[in-house]
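Heads up, the next two complexes both have subunit A, just with different partners, subunit B and then subunit C.
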Partner chain A sequence: MAARDMMPAFELLQPATVEDALALLKRRDKDGWVLAGGMDSLDWFKDRIKRPKAVVELGRIGALRGIRARGADLEIGAMTTLTEVERDATLRERYGLLAQAARRVATPQIRNRGTLGGNVCQDARCWYYRAGLPCYRAGGNTCYADTPTAINREHCLFEADRCVAVSPSDTAPALIALDARFVVRHAGGEKEVPAEEFFIGPKTDITRMTILQPGDLLTAIRLPAAWANAKSYFEKAADRNAWDFPLVNVAAAMKIEGGTIRQARIAVGGVAPRPLRLKAVEESLLGEQPGKEAAEVAAKAAVWGARPLNHNQYKIPLLANLVKRAVRSMA
Partner chain B sequence: MAAYKLIGKDFLPPDVIGKVTGRAKFAEDFRAEGMVFAKLLRSPMPHGLVRRVDAAQALAMKGVLGILTAADLPKVTAPAEPILTSEPLYVGEPILAIAAVDETTAADALDRVKVELEPLPFVLDPLESLRPGGANARTEGNVAAPNLKLQTLKWSARDFTAVREGELPRGKPAEEWHYGDIEAGFRQADLVIEESFITQALAHHAMEPRSALAYWQGGKLFLHGSTQSLAFSIPPLTRILGIEPANLHYVSENTGGGFGSKAAAYTQMAIPAFFAKKLGRPVMLRVSREEEHDFGRSRPGFQGWVKLGFRKDGRLLAADLYIVQSGGPYGAVNDFRNAGRHVSLVYQPLAMRWRGMPVLTNTPPRSAQRSPGETQTSIAMDPVIDKAARKLGLDRVAIRHINAPRSDGTIGPKREPLTSSFLPEALELGAAQFDWAAKQALSGKRTGSKVTGLGVGIGYHAAGNSGFDGLVLIRPDGKLYIHAGAGNLGTYSYAATARAAAEALGMPWERCEIVYGGTGRHVPWTCIQAGSNTTFTITRTNHVAAMDARRKLQEIAAREVGGEPAAFEVGGGRVFLKAEPAKGLAFAEAAQRAIALGGKYSGQELPKDLNPMTARSAAALAGQGLMGVAKDTLPRNGVIPGFCAGYALVEVDVETGQVEIKEYLGVADCGTVIHPKNLGNQILGGAVQGFGMALLEKHVYDPKYGIPATRGLATSKPPTYLDVPVNMRWAAVGKPDPQNPVGAKGAGEPPEGAAAAAVLCAISDALGGAHFGRSPLTCDIVLNAVEGRPQPFKPLDTNI
Partner chain C sequence: MDASKGRSRSSHGLSRRAFIQGVIAAGAAVSSVNYLFRGNALGQGAGRGVAERLLTLTVNGQQRRVDVLDQETLLMTLRYKLGLTGTKIGCDRGECGNCTVLIDDVPVYACSTLTRIVHDAPITTIEGLAAPGGRLHPVQQAFVEELGPQCGFCTPGQIISAVGLLKVNRKPTRAEIAEALAGNVCRCGAYDHYLNAVQRATELI
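Coming up: the complex of A and B.
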C-alpha cells in the first residue's frame, strides 16, 4: 500500500468572508473541499485517500463563529468550536442537551479544534471505508461491511442501502431533538432546513452524509425558543469514555405538564446511516406519564424494524435500553 | 532489614526534567548534515509474493534519491524476519523503501511505484491452520517458535470432532512436559473442572514509534534508535547489520516506551542503516503511528484449555493445560511456554501437564509484551479459579493463598527452586488494604442499572538474571560516575539500580552521575532491559562494581595512611580509618592516586572474566580515575519470581454492558522497594494496560480479506484517562530477596496480568459467576450475556 500519514500538497484558500468563501467554492466546484476544524478532513488528507485540489479553510471568517441571540432563538456559528458549545453559559442554561452532547465528543483537544459544523458534517466512520477500500460510498461497487463474515459490530440496524455505515455525530441527535434549523448558503442564496432533513441516507445519495452539495456552506445552526429549557436527556454508549464514537447515542427533549408528556422529540445516532428521529417513540409518549411503563413501550417501539448484521445484534437491546433510560429520566 | 540511605527513598531520575520541558531527545529529534528521508511501501495483503517492481517513474522524480528493496539486503533463513520482504506475510509489512529530500516527495514517489503482488493463502485463526487441509501462514510451514524448527503440523478431523462445540480441540502438540501423576490427581480430587478460553492478540502501542536515523563515518555506523535496552541491543543489532560491535556507535538517550516491543533490536532499524550505506547520505526513517501498529509488534493471543482437580480445601492436586498460540509470521515468542510455567508456579499443582502448539499467523509480528504468556494466563486462569472457589464454597483469596508458592515453592517441570516468594503475603496485604472480607457484602449488589462485582487476580513474571558486568569510576572531581548499560525506556530502572552503587560506597547522591544513553558513554555489558530483569540484575552488577571500587579505595588509603585495608571505612565521599575518621583521603585524592598507580586501580588492568563490551568500555576510560569494574559472580540459585496481586471493584451497567472500574489496588512482591514513587508508577501503569486488555484492546481483522480494522490508538482503544478509576492504590510486601545485595526483585511486568484478571473476575462476580472464557469483555459481549442473547461468534473465534 502507498504511504499514509503524509499529507499531499493542495492549494490552500483562506477567505475572510462568507461571500468570498462561497465564490471560491463555486469556482472550484467539485475540486473544492471545505475545511473547518480539520478533525475529519485532515485524517482523509493524511491517509492520502481524499485528495482535493483546493481546500477552502474557514478559520478566518469571524462571522462563522460565536453564539448569539437571534430574536428569541439562539444562533450558533458553524465554526464555533465544540468546547465553546460545551461551555457557553446561555447554551448550558437553555439548551443543556446540546452542551451535554458536545461534551461527549472525542477528547478535549479535539473539541478545542473541532467545530459544531464539522461535527454534523463529518463523514462516515465505517472502517472499511476509512481504510480506502473501493466500497459503494467511495464510488466502488460493493459493501465490505455487509458480507457474511464482515466485521460490523459498529454498523447499522436501520436504513441499510448498499451501505451499512452509521452517523457518528454526538451533536446531531441533540440538534434534531431540539428541532434545530441548519442555515445553508450557496452563491445563489440561503435556505434554512430542519435538522433532521439536513442529514441524508445512502438511499438519497450514497456518497454524501448531508444535503450539502459542492458549493454549499453550512453557516449556522439555530435553536428555536420553543425548545429552550425543555426537559432533556443525553447519553452516549461507547467503548471508551473519551476519544470514541458512539455505539449508540440518544438525545431526548420533552415538554411535560402536570406530569404528562405533551411534546417529545427523541433522536438517536450510531444505528442508521443518518441520525434517526424516533417518531413512533415520540408518538407513544404523548399524553403518557414518563414512568416505567411508558419507558417499556418506548423501548419496544424504538427497535421496531431493526435489521441487525452479524456482529451488531447487541445494538438492539442497547438502543432499547438507552431510550428506556431517556424516558425514565423524565419522571 | 538493612538501614539504607538511598535504597527505598524517592529521588528525581536525571532524564525527567528533559521530558517535562521537551528538551529530551528521542531518535527522530536528531539531524545530520545532508540527511534525507525514507518512506516505506507496505503490503496491502496478508500474504503475497512480489512478482515485479517498477520504480522507474518514482526514481525519475526530482528530489528522489533511491530505492531499497529486499534484493539489496542480507538474506535470512525462515522463519527469521527479513528487513524488507518480497513475500509479505502480513498487512503492512515493509516491501521497499524510497529515499527523497523530504518526506512529502518520498510519499509522492511511493504512489508512482508499481508493485505486482500475487495473493497467497493466509491464516488469521491458528485453529484453522491446524485443520486438515487448512492454509499455512508461510509457504514453508505453519508452526514455529524459538528453538522449535519451522514445520507443518496438522491435526486430524477426529481431533476436531472429539470435543464439544466450543471446546479446544487437542491434537498432538508440538511440545509438552509433565511432572507427577495428573490422572491420579484428578481421581483424588473433590472437584474437577475444565474450561476452554481465548485471549486476544494486541499491539504494544509504545508512544514513540520506532524511528531511526543512520549514517556512516570512517567505516563506523552511527545509529540513533529507539530500544529498551542499550548494551544488550548491540549484539543482535550488529548481527542484523552484519558489522562488528566495535563499529557501531549507537545512541538511545530516551526511549518512549516499548513494553517488550523494542526489547533489544528489530529489523526496521536496519532500513535507514543499509539505505544510508547505499546512498552515502544520512537517512532518517520516521515511523508513523499506523506503521508502528502494523509492524511495531504485538502480544500473541491464546486459544487454550485447562482441566483442574481440587481438594475440597481448595488445594490444586492436578492441572492439565493446553495452549495454542497465534504466533504471527515469525513465531519468535515463548508466551505459550511461559503459560505452563506460570500455572506450575502460581498454583503449585502437585501434578501437572503442559502442552503447547505455537501456530504461525498472517498478523503483525509478535514479541514479548509485559509478562509475555503470563498475562494471558492470568486472564485465562483467574476466572477458572474463581469458578472452582464458588463450587467449593471457598473465599476467592483463600483458594489462591492455599496454592500460592512460599519461598520453598518450585517452578516448571524440573521443579526449579525460587530465590524467594512472598505471594501469600501480597495476597494478605491486599485483602487487608482492600478490605476484601467486608466488601464481600457488595458482591452482586444492584443499584439502579449497576451491579457491583469484586475480583482478585495474580500476575507473575520471572524477574531477574545474573552474570553481567558493573562499571563505576571515581574521577578526580570526587564524583562517582555510574556507567549504565541498561536502556532508558521510561521505567527509570536504569537510574534506580544505579543507587545500589552509591549505597555500597556511602556516596551522597548529589555527587553521583549516571552515565547512560549510548555506546559512546562507555557502558558495561548489561542484561536485557525487559522482562522486569533490570532491578534484580543491575543492582547486583552495580553492587559488585562498587565493592570493587571500595576495595581499591581501602588499599590506596592503607598505602597512604598506613595500616590494613580492612581498617578503613568508606562513606561521605571519603575513605577513612575506622578508628580515627579524621585520617583518610577524599575520593578526589584517591582518584588522583589511582591514576598515578595505574594497573587495576585506574582500569589499565582488567579482570579476565569481563565481557568484551565491558572490557572495551573500561579500556576507553582507563587512566581517568579509580575504576570499580566486575562481573557479577554473586551466588544465585533459582528463578526470581516477581508477583503482583490485584484487587478490583467494578460496576457493570446491565442495561448497556459497560463496565466501570471503581477501585483498584495492586500489591507487589518485588523484594525490597528501591524507588517507591517509580514502583507505584509501574504497578498502576501496568494496571491501566491490564484494564485495556480486560475491557478494550484487541487486533481485529476482516476474515475474508485479512485486513486489520484496528490500526492505531483511535481504533485499538487503549484506556483513556477517563476509563481508569480515580481510586487506584498500590502497596508492596517489601520483604527482601536473599539473593540480591539490596533484596530487590523486578516489578514492572506482573501488574498488568494482576489487574486484567482482577477486573475480569469482578465482572463475573457482578454477574453471579457468569463465565466468559474470553478477553476482552467489550460492552457488546457483556450486554449479550446479560440479555441472554447468543454471542455472534463461536467461543474460540479469534480477531473479532
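Coming up: the complex of A and C.
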C-alpha cells in the first residue's frame, strides 16, 4: 500500500459559480477533471490510472445544491448529496422511487458525500478496466472480461459492443422510470435531455458513459409533475446490503386507473452498459391488470434477446424475477 | 488518552504511540512529513507556495494550523500531520469504514475526502469525543460496558458512526442502528456487540 499512500499531485480548483467552472474546464481541457463528491474519482487517482493535472471541485457552487420547486416540477441540483435525496420530505412524498433508490446506494458515509450528479456520471464497473488494463474502453484493442476464462459474473446481458461492463448506478433506473430531465451546461449554453438519452452505450462512444463531453457539466435533474405520486417499485439485488453495486436493479413507475395499467415506465441497471429502459415490457403492460399473468408476460419480454457471458447466466432469471415482482407489486 | 501512561511500552521504554506522536509533533509544524509527502523532490509539487498551503482546521474544537497539499486526504492530514492516529487507515478506498470521522456532525470517510474541500467545517475524530477530564463519551462508555470491540481496529469508526446517528436520532431502533453502522466493516464479526452497545448508549445519553 505504501506506494499508493498519496495521490499524484494535481491542482485543486474550487470555483464559486458554474460559469467559472466552465471557464476553468475549457482552459484546462484534457488536463481537467470534474470532481463532485469524489467517491469514485479519488480511487482513480490513487490507483494512478487517471492522472489529471487540474481537478475542478464543484462543492463551492451553491447553485448546484439543493432540492427546489420549479413550477410544478421538482429540480435537484447535481451536487445534492444522496443522503439529502434520500431524506427530503417533498421528494419522499412525491417521488418516493428516487428516494428509495438513493437509500440503496453504497453506505451512509458514501451517501453523505456522494452526490446525485456523481452517481449518474460514474464510470463503468469492470475490474479489468479499473485495474488500468488497455481494454477497448481504455483505448486498447481487446476486452479482458469477454474471454473464456475471464471473471464476468457482474457483466452485461445486453448491448455489448466490444465492452461488456455495466452501468453501476442505482439512481439512474429510477430517474428513467420517473421520466426525469437532465440539465447540461456547456460553454455555448444549456440543454435539457431526457434521462434515457443522457446515458450512452459503447456503440455510441466507448470512452464515455454519458453524453457529457469534456467541458460539459451536469447541473441539475428535473422531475416532472406528470410522474409525481405515481405507483412505483424499486428493488436492488446485490451480494451485500451495504457497499455493493447492483447485480441487477429495477425501477418501475405506473399509472393505474380502475385496475388497469394506463401508463408504465420501467428501467433496469446492471444488465447493460447503460441503464436500460424496457420499452417492450412497458408496451406489454398497457391495458393489462397488474397481476400474475401480466407479470409473466413482462418477465419474458424483459429478458428477450439477452446474451449472457460465461458466468452471468444467473442474471437472466434474476432480471425476469425482479420485473415480475415490480409488476405484481402494482396490484 | 494520555500516551505517557500507555500500558504497551516497548523494551526501550517508549510506547509506539508516544514515539509516533512525538515525531509528528516535532515535524508537522514546520513542514510536510517528508517521507510520505515527498512533494517537490519527485517533481510532484503542488502549484502553491508553502504559505498558501497553510490551512486552519477546526479539529475536536481546536484550531490547528497545518500545511496541506491539494491532493491530500483528510485521513493523511489527521494521522500524519496532526498526530490523531485514532482514525485508522484500513483500505484507503472507502470500502471499510475505519477512517470514519464527523464533518459538521455527519459521518464521512476521511480517506475519500480531500482536506482542502472540507477545511472550513468542524471535524470530530475519536480523540474529540471524551470530555476534557477524560470522562468517556456515553457511546464509548457503552462500548466498554457491552464489550463491543474484539480486536478493536474498527472501533473508532464504529463509535463515530454511532455518535453521528445519535446526533440526529436519539432513540434509534436496532434496525436503524444496523443501517447507520452498515458502512463500517468489522472483520471480527462483533456486529451484535456493537448493536448492543449503541442500544445501551441510548440509555446513557
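The criterion applied here is as follows: the second predicted complex is superposed on the first by the 326 of 331 C-alpha atoms of A that agree within 3 Å, B and C clash if a C-alpha of one lies under 4 Å from a C-alpha of the other, contacts with A are read in each partner's own complex, and residues count from 1 in each chain.
One rule holds for everything that comes next: a contact is a pair of C-beta atoms (placed from the backbone, for glycine too) under 8 Å apart; a residue touches a chain by one contact, two chains touch by 3 or more.
Computed from a predicted model, the values in this text were never measured in an experiment.
Visitor: With both complexes superposed on chain A, which partner does A:L42 reach: first (subunit B), second (subunit C), both or neither?
Guide: second
Visitor: Given the touch rule stated above, what does A:N112 touch, subunit B (first), subunit C (second), both, or neither?
Guide: second
Visitor: Applying the touch criterion given at the start, work out whether A:F199 contacts subunit B, subunit C, both or neither, answering first, second, both or neither.
Guide: neither
Visitor: In the overlay, answer first, second, both or neither for which of subunit B and subunit C A:N241 touches.
Guide: It touches subunit B and subunit C both.
Visitor: Would you sort A:W33 into first (subunit B), second (subunit C), both or neither based on which partner it touches?
Guide: Once the two structures are laid over each other on A, A:W33 reaches no partner at all.
Visitor: If we overlay the two complexes on their shared chain A, which of subunit B and subunit C does A:K324 touch? Say first, second, both or neither.
Guide: first
Visitor: Once the shared chain is lined up, is A:F182 touching subunit B (first), subunit C (second), both, or neither of them?
Guide: So A:F182 meets neither subunit B nor subunit C here.
Visitor: Which touches a greater number of subunit A residues, subunit B or subunit C?
Guide: Residues of subunit A touched, subunit B against subunit C: more for B.
Visitor: Answer with first, second, both or neither: which of subunit B and subunit C does A:F158 touch in the superposed model?
Guide: A:F158 sits against neither subunit B nor subunit C.
Visitor: Once chain A of both complexes is superposed, is A:Q14 in touch with subunit B (first), subunit C (second), both, or neither?
Guide: second
Visitor: Check subunit A for residues that touch subunit B in one structure and subunit C in the other, and list them.
Guide: The overlap between the subunit B and subunit C interfaces on subunit A comprises residues 1, 4-9, 107, 241-243.
Visitor: So in the complex, the part of subunit B that touches subunit A is made up of which residues?
Guide: 39-44, 91-92, 103-104, 106-108, 110-111, 288-291, 449, 655-658, 695-696, 700-705, 707, 709, 711, 713-715, 717, 719-723, 778-781, 783-784, 787, 789, 792-793, 800
Visitor: So in the complex, the part of subunit C that touches subunit A is made up of which residues?
Guide: Touch residues, subunit C against subunit A: 36-37, 39, 44-47, 69-73, 76, 92-95, 97, 100, 106-109, 112-114, 116-117, 161, 179-180, 182-183.
Visitor: For a test of understanding, state which residues of subunit A touch subunit B in their complex under the given definition.
Guide: Interface residues on subunit A, with respect to subunit B: 1-9, 48, 107, 127-128, 131, 144, 147, 149-151, 153, 237, 239-244, 247, 310-315, 317-318, 321-322, 324-325.
Visitor: Looking at the complex, which residues from subunit A come into contact with subunit C?
Guide: The contact residues of subunit A facing subunit C are 1, 4-12, 14, 38-39, 42-43, 45-46, 55, 57, 59, 83, 106-110, 112-113, 241-243.
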